[in-house]
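Labels for the chains are A, B, C and D, by order of writing; each one numbers its residues from 1.
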Amino acid sequence: MLGYALRRVLTAIPIVLLTITVCFFILRLAPGGPFDGERALPPDQLRNIRAYYHLDEPLVMQFFRYVAGVAQGNFGPSMVMKDFTVARLIGIGLPFTLMLGFTAFIVGTVAGLVAGAIAAVNQNRWPDYLLVFVVLIPIIIPNFLMANVVQLVFGVYLHWLPVGGYTPGAWLNLVLPVLILAMPHGARVARLTRGSMIEVLGTNYIRTARSKGLGARLILARHAIKPALIPVVSYLGPGLSYLLTGSLVVEQVFALPGIGKYFITAALNRDYGVVLGTTILYVFIILALNLIVDVVYAWLDPKVRFR
Amino acid sequence: MAGITGKDATLTAYADALAAAPKGRSLTQDALRRLSRNKAALVSIFVLAALVLFALAGPYFLPWTYDKIDWSAIRKPPDWVKGHYFGTDQNGRDMLARTLQGTQMSLLVATVATVVSVVIGIIYGAIAGYFGGKIDAVMMRFVDIMYALPYILFVIILVVIFGRSPVLLFVGIGCLEWLTMARIVRGQTLSIKQREFVEAARAGGAGPFAIIFRHVVPNLTGPVVIYATLTVPEIILTESFLSYLGLGVQEPQTSLGTLISFGAPVAEALPWMLFTPAAFLVVMLVCLSYIGDGLRDALDPKDR
Amino acid sequence: MKITQVLKAVATAGALALFMASAAQAVTLNLGNGSEPGSIDPHKASGDWENRIVGELFEGLAAEDIHAQPIPGQAESWTISDDGLVYTFKIRADAKWSDGQPVVAQNWVDAFQRLFDPKTAADYAYLQYPIKNSAKIGSGEITDFSQLGVKAIDDKTLEITLESPTPYFIGALTHYTAYPIRKDIIEKFGDQWTQPENIVGNGPYKLVEWVPGSYLRGVKSDTYYGKDSLKIDEIKWDNTEDLTAALNRYRAGELDILTDFPADQYKFLQDNYPGQAHVAPFLGIYYYVLNQEKPPLDNVNIRKALSISVLRDVIGPDVLGTGELPAYGWVPPGTGNYEGEQYLPDWSKEPYDQRVEEAKKLMADAGYTPDKPLKLQLRYNTNENHQRIAVAIADMWKQIGVEVELFNAETAVHYDALRAGDFNVGRAGWLLDYDDASNTLDLLKSGVKQGDTMNWGNNYGRFSDPKYDALLDQASKELDLVKRAALLHEAEKLAMDQFAAIPIYWYVSKNVVSPKITGFEDNAKDINRVRWMSKSE
Amino acid sequence: MADVLVVDDLDVTFQLHNSEVKAVSDLDFALAEGETLAVVGESGSGKSQAFLSIMGLLAKNGKGSGRAMLGDTNLIGLSPGELDRYRGKDIAMIFQDPMTSLNPALRIRTQLGEVLVRHQGYDRERANRAVIEMLERVGIPEPVKRASAYPHELSGGMRQRVMIAMALLCRPKVLIADEPTTALDVTVQAQMLDLFKTLTNDFGTALVLITHDLGVVAGVADRMMVMYGGRCIEKGPTDTLFYDPRHPYTLGLLHSTPNVDKRAARLDPIQGLPPSLEHLPRGCAFHPRCAFRFDRCFEERPPLLPVEDVREKACWYQGELNYEEVA
């Protein structure tokens, strides 16, 4: 088990290296640079700045400089947010993004599981039809539209919740962002749970459990949930990845201090260091979470053992 | 994006079923029969077909084209006299005409991306499955890794490089979207290549690709159909996400995502700008979703 | 527990209670600042949203009054030599840094040396290039910083020498590039000196919190000489970028001022929040650059056809919805040091149909008709408003035989292409850095040969006319403001008659101001310092 | 001996899309304490559905009516909650496919122990000991180790033994075994039948053996009930039915089963296909395949009537059954 985890971590290294390499060169091939703003800089000014950030060196040199820096934990400076190093930006934004993401992840997963299970148990009766329809809504409506709508309804019209912004401790400000982030995730979990739960409830071993007179609640809790979770758990990896992309929008619309929106703005501004830094981080987080998901998977499905 | 509709789980289960019951054709026929009994799915098919037809043919019957500016009606609510049945945008262009054009564009990019991913998926999966062994292990490990990557980030980088050529962009998205298809095809190939008739074909000198296309691909109708119903909405939503980021298609062309991302901020001031494209998107995706659900139920060999 | 600990605890609790009590009364201004500041280092800042922060944390020799006109700031008075070249500033005796140290003349010497130091790589250093030897230091030609025209005579007396007389120089000193800095602090903290825990400023507010991606918070500085007249105790600069989201936050009462709003909501705001949306003339021009280096736009008649067939009157009121005024000239109305009549070409007074006919004829003469159209690529950076204008203008040009391909790209790519001359028609805009006509007219100056390359600066269209350059040169040496203005007017007419670019509209500033706020006066620079504002609950 | 289960007038109907199908009609039988009853029929004859309805395990669209008295309680029509007081305790069931009937995600110990915890109020530890004891009893080697195993770690025969152990943990009065040996190897089948015999004897449990395989019935069952088209068409002591079948279908079954009767020189399947329950033939459901049919068989359904003291059959034909005619 430990050896397995270790091997997984080791395989992560080439993946991260590959990601860095691809992103680095792709970004540099893209037209435009971090200093192509609305106003032309005088050539000597531009030369100064380029020298300051080592952009005047050959690309390969820059690449090795960057990789060497990353190996020492130095992600370099941000070329657009000049008062920050990439590491500091990430250091401030990451805890928030993780907190937001995990809260939404947990809320969405739990709500999705419950909703999916309720729908499955009531298959082809009104709670099922209702849930199947309700659950469609967050999946098909783009989240930026949804975010605008909830801001208007709950913030502007009803004055129930703050519309945006966040200061540490102001958890009310997180209700809407978490909602927007959690809804599509929860909806997908619900759909998957419903499907797999219906399948599990139709299996022979559930019939066996019923024949043992265990009672509906125990059957659901002990016999149905674990196997029904298997497809759900295998979705959680891609689902997390999707939560991250969702957090881009949510952070932007709700003015939250996470790292999600840096990625987009940095990609558009060609803030090379920030794009690379956030990408590496994302890949790491996702690989780590996939490892966790795999461990949970093995716990759920005894047939899977660590090889 | 991978997993928006949970298609992996669905399709993997279905592929297992296919591998277990290799009579692919009759399974598919069976499924169609079952599908025809699913009222929600049937209605959805008709509505979707009508919508697509309207999107394709509608523009020929409208008084305005999608790029024609009506200087006398800038940002005006619906006006039946002038023929702006769903109002105009801030450039005085007819919203209905633009929505129809946007629907065409969204369907086009979704189709392109889906076709690309199906093709790549079949080729990749078939190679992995047919040659097996080390090659298979390495290729499938690569797929696992790809699943782990946050590939919306790569999409954004692609957009940044490719600029705004929508077709090129969605070829790019298709190139990232093929993983599920590859897994299924591999599974199919693995099970089919064990069969006697494949041995016979091989003895008769048939090459791997002949075998794959004659014996594996015909069994994939079902998965491909489901895959398409589930992938199309994903791509449409991805496109709308990119539009929101300002990375959508070039004017005067438009897409549903672009229209919605312009309509969302003016939901109160110019509601008609949001309503029309949003209604099209919602109807289209609800239909696709019910069709997908219907197919999933229909193709599940366990008749519940 | 030891007695000291008890005392400490009591003291802390007391302080906390006091803090909370004062916090309850503290007047906080929630300012929707519209964007994440890239830097609040006065030498690295580059946007108006950064200015709104930096300008409260620091103060220059001159500051802006409620109408954004220069008034004495850290310098209580100054004298200008008769030749207009030497400025001597008397720094206020009570000017202090937020750590209590007095503000001294040397702080400006340090600041300007750092500003022009190539190693600082300051984007906007050129704004202070009127200062003697500054440009040469910036380009690395002079490495001895002591040759810079900034000298500390004594602790409270600063002398600045210019290259040539510059009528707007006091105005330029209100810009953040002319703020003083604390060299010791920068040396001590390096790149991190602008972080709240390190920064030392001399402005009315001091930074206490910076949450990237969300907000910055400043509180009244105890050491500011005018602290007693400040009505706002605390400023929260909010970074919400999404205009609709920011407006929603305003409507919910979370923000007091928005420094931009979606143009489409203007009517909605007027109807539902009367008097709160402020739209005012703003020193800036929105224009299309025409690439005059290569055909077909090297042909002045085609440029003319393109320009006169643009119906500018519909752009502001209808397409944008905020009523921007049509632009026919190159210098925004109301720009300083520009006495005289606004440039208005004759064709602008003709009816539009007649202009279209004339344009058609011009195009036909050049060999283009609607059947055999001229194909042009129109580039704009991704933005809904730019897009709308491009769509509208493409349609206007269609009738005269021009087929436009629209091409949008993100800002970095757009300007990269413009600078490389890789376009036909490109969208651009210019907001004046300082209130002087030369600031826009310089945009059309010919390129300067530097080494092997031509530096065209912001003259993306590469309009080049020696007569024009000569006029500007002459004006820059002219001490008499009236004569200078006449020369500049002549230059403007010269360029516009050759259709050096297509001006489209004059910018407006768009603010939303809560009725609770007083002391917010619309002005042409769109600079509204918080020190003049107050807020009622 | 007292009857432990008395079934009376049992009907099972399924609601289809726009029709109703009767899977079981008018089933009557009684099961005495410790007795073994074999229920024989082809697939679709309703034999499984009848017992699933007694266990309350019908699919959602199925419904049972009539009486199935377990002691004083009618199991038919009880709510699942009420049924749970009897299921697994007084009446237990074993299913055809041991491979899928155990929960793959739970240890054997858990799946067995929970029955005792639920019905006998044992604590975990005591349940564990009882489980290991029972595993040993059903012939599982190394029961302590196996108890901690997951189902996929056991062979098919082993799993069926586990199923038997599970069903017998509470020493139920009635054990219903639905094709318990079909999925197993022939050698294992025999061992399994032996085990059934021994254990039901030991515990005094009445056994219902549902099967299509007469070979299974021969050595084990005391009585036998043959079903066709959802009805019982012949029942009586196993020996008498084997050596002297009175219903043409029973006769056909005997001759289509290998290794049962030395009289059968050849192995002959019954001609034709079992009927679809949705479209049962008029009259006797078996008449399309019957060699002895005559006019009446087409028109009227024969009732189940006593033939001799101990046996009943549902057939109009009263003459002697000559096997050669069937063939």
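Everything that follows uses one rule, which is that a residue touches a chain if its C-beta (ideal position, glycine included) is under 8 Å from a C-beta of that chain, and two chains touch if they have at least 3 such contacts.
None of these values were measured; they are calculated from a predicted model.
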- line: A student comparing A-C to A-D should find more C-beta pairs in contact for A-C
Message: From the C-alpha centres, identify the chain that is farthest from subunit B.
response: D
Field: Chain nearest the overall C-alpha centroid of the shown protein atoms
entry: A
- prompt: Could you state the distance in Å from the CA-based centre of subunit A to that of subunit C?
  reply: 38
- request: Could you put a whole-Å number on the gap between the CA centroids of subunit B and subunit D?
  value: 50
Statement: Rounded to the nearest Å, the gap between Cα centres of subunit C and subunit D is 89
- prompt: Between subunit A and subunit D, what is the gap in Å from one C-alpha centre to the other?
  reply: 53
Message: Among all residues of subunit B, which ones touch two or more of the remaining chains?
response: 160, 246, 264-265, 268
Task: Enumerate the residues of subunit C that touch no fewer than two other chains.
output: 244, 409-410, 413
Query: Among the residues of subunit A, which are close enough to touch at least two other chains?
result: 30, 148, 152, 268
Task: Mind listing each pair of touching chains for me?
output: A-B, A-C, A-D, B-C
- request: Going by the contact rule at the top, pick out the subunit B residues touching subunit C in the complex.
  value: 69, 71, 74-75, 90-93, 160, 163-164, 246-247, 250-252, 262, 264-266, 268-270
Statement: Per the touch rule, the subunit A residues reaching subunit B in their complex are 15, 19, 23, 26-27, 29-30, 132, 136, 139-145, 148-149, 152, 184, 188, 191-192, 195-196, 198-199, 202, 231, 234-235, 237-239, 241-242, 244-245, 248-249, 263-264, 267-268, 275, 279, 282-283, 286-287, 290
In the complex, subunit B residues that touch subunit A: 1-6, 8-10, 13, 145, 147-153, 156-157, 160-161, 233, 237, 240-241, 244-246, 257, 260-261, 264-265, 267-268, 274, 278, 281-282, 285-286, 289, 293, 296, 300, 302, 304
- request: Within their complex, state which residues of subunit A touch subunit C.
  value: 30-45, 47-49, 51-52, 77, 80-85, 89, 92-93, 147-148, 151-152, 155-156, 159, 162-167, 251-259, 261-262, 265, 268-270
Query: Given the complex with subunit A, which residues does subunit C contribute to the contact?
result: 36-41, 44, 46, 118-123, 125-126, 138-140, 191-192, 194-195, 211-215, 238-242, 244-246, 248-249, 251-252, 254, 409-417, 419, 428-429, 450, 453, 455-458, 460
